[in-house]
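Input: structures, listed below.
What follows is a pair of complexes built around subunit A, which joins subunit B in one and subunit C in the other.
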Partner chain A sequence: MKRKTWIFLMSTLIIFGVVFPIIVIFFWAFSERWYGTSLLPSKWGLKWFKVLLEGGDLGKSIYLSFTIAPLVVLFSALISIPAAYVVGTKSFKGKRLVENLVLIPLIVPPIASGIGLLSMYTNWGMIGSYWGVVLVHMIGGIPYMFRSVAAAFESIDPALEEASRTLGATRLQTMLKVYVPLVSPGVLAGSIFTFAWSLNEFVLTLLVGLPNITTLPVQIFHYVGGYYIAPAPASALSVVLIIPSILIVLLMERFVKIEYTAGAGLK
Partner chain B sequence: MPEVVLEGIKKIYGKKVLASSIDYLKIEDGEFFVLLGPSGCGKTTTLRIIAGLIKPTEGRLYVGGKDITDLPPEKRNITMVFQNFALFPHLNVFENIAYGLKMRKLPKDEIETRVKDAARLMRIDQLLDRKIDQLSGGQQQRVGVARAIAPHPDIILFDEPLSNLDAKLREEVRFELKEVHKQIGTTSVYVTHDQAEAMVMADRIAVMRAGKIVQLGKPKEIYFRPKNLFVAGFIGIMSHLPVEVLESDGENLKVRLETGAVINSRGLLSAGEKGFMIIRPESLEVVSKESDDENIVKGLLVNSIFLGNEVEYRIKVGNEEIRAKLKPHEDKYKPGEEVNLKIMNSWVVKD
Partner chain C sequence: MEAGKFERLKLFLYMLPLIGFYSVMFITPIVLIFLQSLGLYSLGHMGETHFTLEYYKKFFELGGTYMHALWFSTWNSAVAALIIAVLAYLMALFFHFIEFKGKKIVTAIYKIPLFIPYLISAFAWWTLLTPGGYIQRFLAWLGIIGETTQLVNDKFGIGIIVANVWINLPYMVVLLVGALKMIDPSIIEASRTLGAGFWSTVKNVIFPLTIPSFIAGSLLVFIGMFGAFSVPFILGGSWPKYMSITIYEDVVDRGEWGVGSVQAVVYMIAAVLIAYLYTKIMRGMRGGGERA
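Let's look at the complex of A and B:
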């Protein structure tokens, strides 16, 4: 097979698995009447969005999702940046261990760690608490933030700090003039990934957040996972969730160098 | 501009690794001083101690009579040129050169003048708006030097600045740096493992080994009067033959080779001592067998290698093999032939 065939196969899979479902969701969300037998909805409209707004759940879910995500980004950054500085620029005993430890949240299935967290949270009386969910999201978000920022620090030539110092810059000035500008793309990439992670997180939020903390993914699940299946309102809600994700992808394309995003993922 | 004095400087890593140990070294005002040695000899450690990037375990460092041992690098007014250039990738050429000037809070027009002067000196004044990744290696290092010159430091340190450039470019930039030093006259300390580089540029060379200075002197002195075999072997090509000193009169020696031949040589040994006679390949001549000159050694031509502008002979004398360089028109002998070598110039060391 030609090399292009593989690229074609891969692209087809992605389109089939991601792009088609998104189109279907948009159809459902903007349809008022759609019978299974026809290819397209027979009546278009914003009915389901009105239903969501009237129900009052939507406002609350949007509020929760879009305040929790920035807080998760902020706190993950505060913890990860200094840690990433040390791992990215210094060599010390146990460095590999730390690097692998940070990967654990990406590998352990959330449903498994979630069950454990559920019983811990129950003991501490943190079930259904807003900050409890923020904390749970941070555990998953930190690997993304840390890896991106550590990769950014690693890519900085240590001689730059020495050059800066011999040219008359203090330690603090060197931080501000050399490290900050060189690391900020990594922080931005990490923030985007962490934000997206928090926005999409479902399993852990469902387990430790109920009944109060119904973020968007949890709310969507209520529509399809409850007593009856209601794809239309669930789709309308999904549209609300998808739009920021699409914006994020566009943002990344525009501002972030690819090597930092590689650092965030599984390098 | 001030001189640099290192007094009892020692850097010890862990319990016993001696990275640098210098009892006393004075680098004169305006001098181009080269620290030369193989990797791991402590030359870079010594340079970094002067820069303030490494704290010495012991000893004091003076610049212009002022003790600067405890000053952080940013307060020393000593700049540095790095092996891997270490240019700031987020700044363009102008901003890189201006970095040290901005840190000194100079007025804007002064910064502009100084950046342009330094850039002109390094012949990169056409590149000021370029990004760093748009420059070739040679251009990058010119920016590195301009950045170090612009703040008018007391001392400029060079940490193997040419070793990341290809051979041809290295030779070109070598001369350029020497010229620039002549113009600005800033005291310079230059670290290299390349003896040719050291020869071209240095006013004085310190040859280092295992953290210590083995020999200190002008390039010619180190080449013609090496202190020991290590220095002789590190600077240029040499062959050596074991000898015994028969007579010693000042520096003039009469020595006997293991083959029995008696040769007039020079060195600092006294009669009765044993040592090694160092012979540079260019100070040998192959003479006809009938010659009754002095200083003749018999040898067996083992191999001859044609190098274009010269021919290298490998000649076996006793159990040792020595190298001689001849002009192509003198190449009249074949491997396997016995030849008479005239030693025109040699130097005897103890070890």
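Let's look at the complex of A and C:
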């Protein structure tokens, strides 16, 4: 009985600690009027979503965020998969070095490399360009994709390829029948992480994307980054971004061993 | 099997897109920043360039803005990392050793902060901790703090620590649960059979085995908070500031690329140092595993 009580307490504390700040965001998003002294909003409604929709901010940000992210996933996969194949299945000098170097872009603070990119983009005339933002999102997206896919390739028994070839399968058949099914979970895991990364990337987008590329985080920054913080519209935008984030967590739990990828040193 | 010259060229070609991408998008900006910090390149308007140490002198000026920023971002992130380490360890023990109904739901929920954009987490905590926010009001009602006590934008960075802990805690828990899973259960059983209680087993058997992951995880969490932008931007005060904020203000608001670059170089050195330590610790773990 005592054991049960403290398990219950611990679980409640964890759930409450995580959910409470998020619920407050929802309160703000659906509040039409909230006086300073009252515990809850005095009027609930969709006012802020309407305001944002009519101003065009919401639609534009959603469009940008949710078209950039899949492109980032696609191009990160195209760049990562060949390299991950080599690192995951072959042994060569400098292999560990490649694996470790790919982690560096995740560890270097984005603001540090970002000022160099800002200057380069200015010289190239790429400030505020859509594809420029896709490129900067890939800097942090590729490491996730690469690690997940390389781990998937590594876990394949080399004997399988041999067996397939010995039994008369062509190179292409081996690729499609052996590698594709075994590697696709890794690609899926990498895609989810990369998608989430792109959706949430903020610092580099702010530096090189302004004034045109106002993804959801940048749009939120407009409402909270100045001298005055406007909680209600910022919360409404946040809700639009939080819902897919929570869906991503559930997807991960369902399909991917998050412990595995995080243990590899990613975040 | 010795890889032939042709084979090696093929391997290189497979990795070429990756190498090419990072050469342009990552290594080039870093090299330019480094040159700019020494006055050998101009990131801003293309003025004349000559070697100078004046930006470094400005950075290392004792009692100046930048030393304060470096010190503040270091201790503030370190405190948060310490709190995370302790809480995460307790949570990891809880999730690893205790089976209960509904565990699946709790383990899914605790990871949510990992996927919430930093900016939103920071701003959520701002609404809670600002005077009149739920938590600030609750603490004032309990009499722990005064009614107008500032928990955000204050000089100790209390709000920054709280938000950073909330954001990074699940990451550390995930990492530690992974480390606990790697411990051979028979070792723990042996300790219990020999009469050790749970906490003494944790102290004498489990904790020593998880120290590498513990340190490696703390290092990664630390560098993430140390260089983060959103959290200190929203929750930080006007003095002292995180170095990420002073870089942004120097470069974007004032066009002071020189001293901005020096700060970026300091960040990069810290990052490379931590990456090095991290891979060393991880390699040590791998080596130990093979011997066992």
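Quick note on the criterion: the second predicted complex is superposed on the first by the 237 of 267 C-alpha atoms of A that agree within 3 Å, B and C clash if a C-alpha of one lies under 4 Å from a C-alpha of the other, contacts with A are read in each partner's own complex, and residues count from 1 in each chain.
Everything below uses one rule, namely that contacts are C-beta pairs under 8 Å (C-beta built on N, C-alpha and C of every residue); 3 or more make two chains touch, one makes a residue touch a chain.
This one's a predicted model, so the numbers in the text were calculated from it and none came from an experiment.
Student: So in the superposed three-chain picture, is A:V149 touching just subunit B, just subunit C, both, or none of them (first/second/both/neither)?
Tutor: Neither: A:V149 stays clear of subunit B and subunit C.
Student: Could you look at A:L64 and tell me whether it touches subunit B, subunit C, both or neither (first, second, both, neither)?
Tutor: neither
Student: Could you tell me if A:K90 is touching subunit B, subunit C, both of them or neither one (first, second, both, neither)?
Tutor: second
Student: Touching A:V178 in the superposition: subunit B (first), subunit C (second), both, neither?
Tutor: first
Student: Pick one for A:S164: touches subunit B only (first), subunit C only (second), both, or neither.
Tutor: After superposition on chain A, A:S164 lies in contact with subunit B alone.
Student: Which of the two, subunit B or subunit C, is in touch with more residues of subunit A?
Tutor: Of subunit B and subunit C, the partner in contact with more residues of subunit A is C.
Student: Note which residues of subunit C are touching subunit A in the complex, please.
Tutor: Within the complex, subunit C touches subunit A at residues 3, 8, 11, 14-15, 17-18, 21-22, 25-26, 28-30, 32-33, 43-44, 91, 94, 98, 100, 102, 104, 106-121, 123-128, 132, 134, 166, 171, 174-175, 177-179, 181, 216, 220, 223-224, 226-230, 233-234, 244, 247-248, 251-252, 257, 260-261, 263-265, 267-268, 271-272, 274-275, 278-279, 282-283.
Student: Once bound in the complex, which stretches of subunit A touch subunit B?
Tutor: Interface residues on subunit A, with respect to subunit B: 157, 159-160, 162-170, 173, 177-178, 181-182.
Student: Help me check something: in the complex, which residues belonging to subunit A touch subunit C?
Tutor: Going by the criterion above, the answer is residues 4, 7, 10-11, 14-15, 17-22, 24-25, 28, 36-37, 78-80, 82-83, 85-87, 90, 92, 96, 98, 100, 102-105, 107-120, 135-136, 138-139, 142, 146, 196, 199-200, 202-203, 207, 216-217, 220-221, 224-225, 229, 231, 234-235, 238, 241-242, 245-246, 248-250, 252-253, 258-260, 262-263, 265, 267.
Student: Quick check: in the complex, which residue numbers of subunit B touch subunit A?
Tutor: 51-53, 72-74, 76-80, 82-84, 86-90, 99-100, 103-104, 147-148, 151, 157
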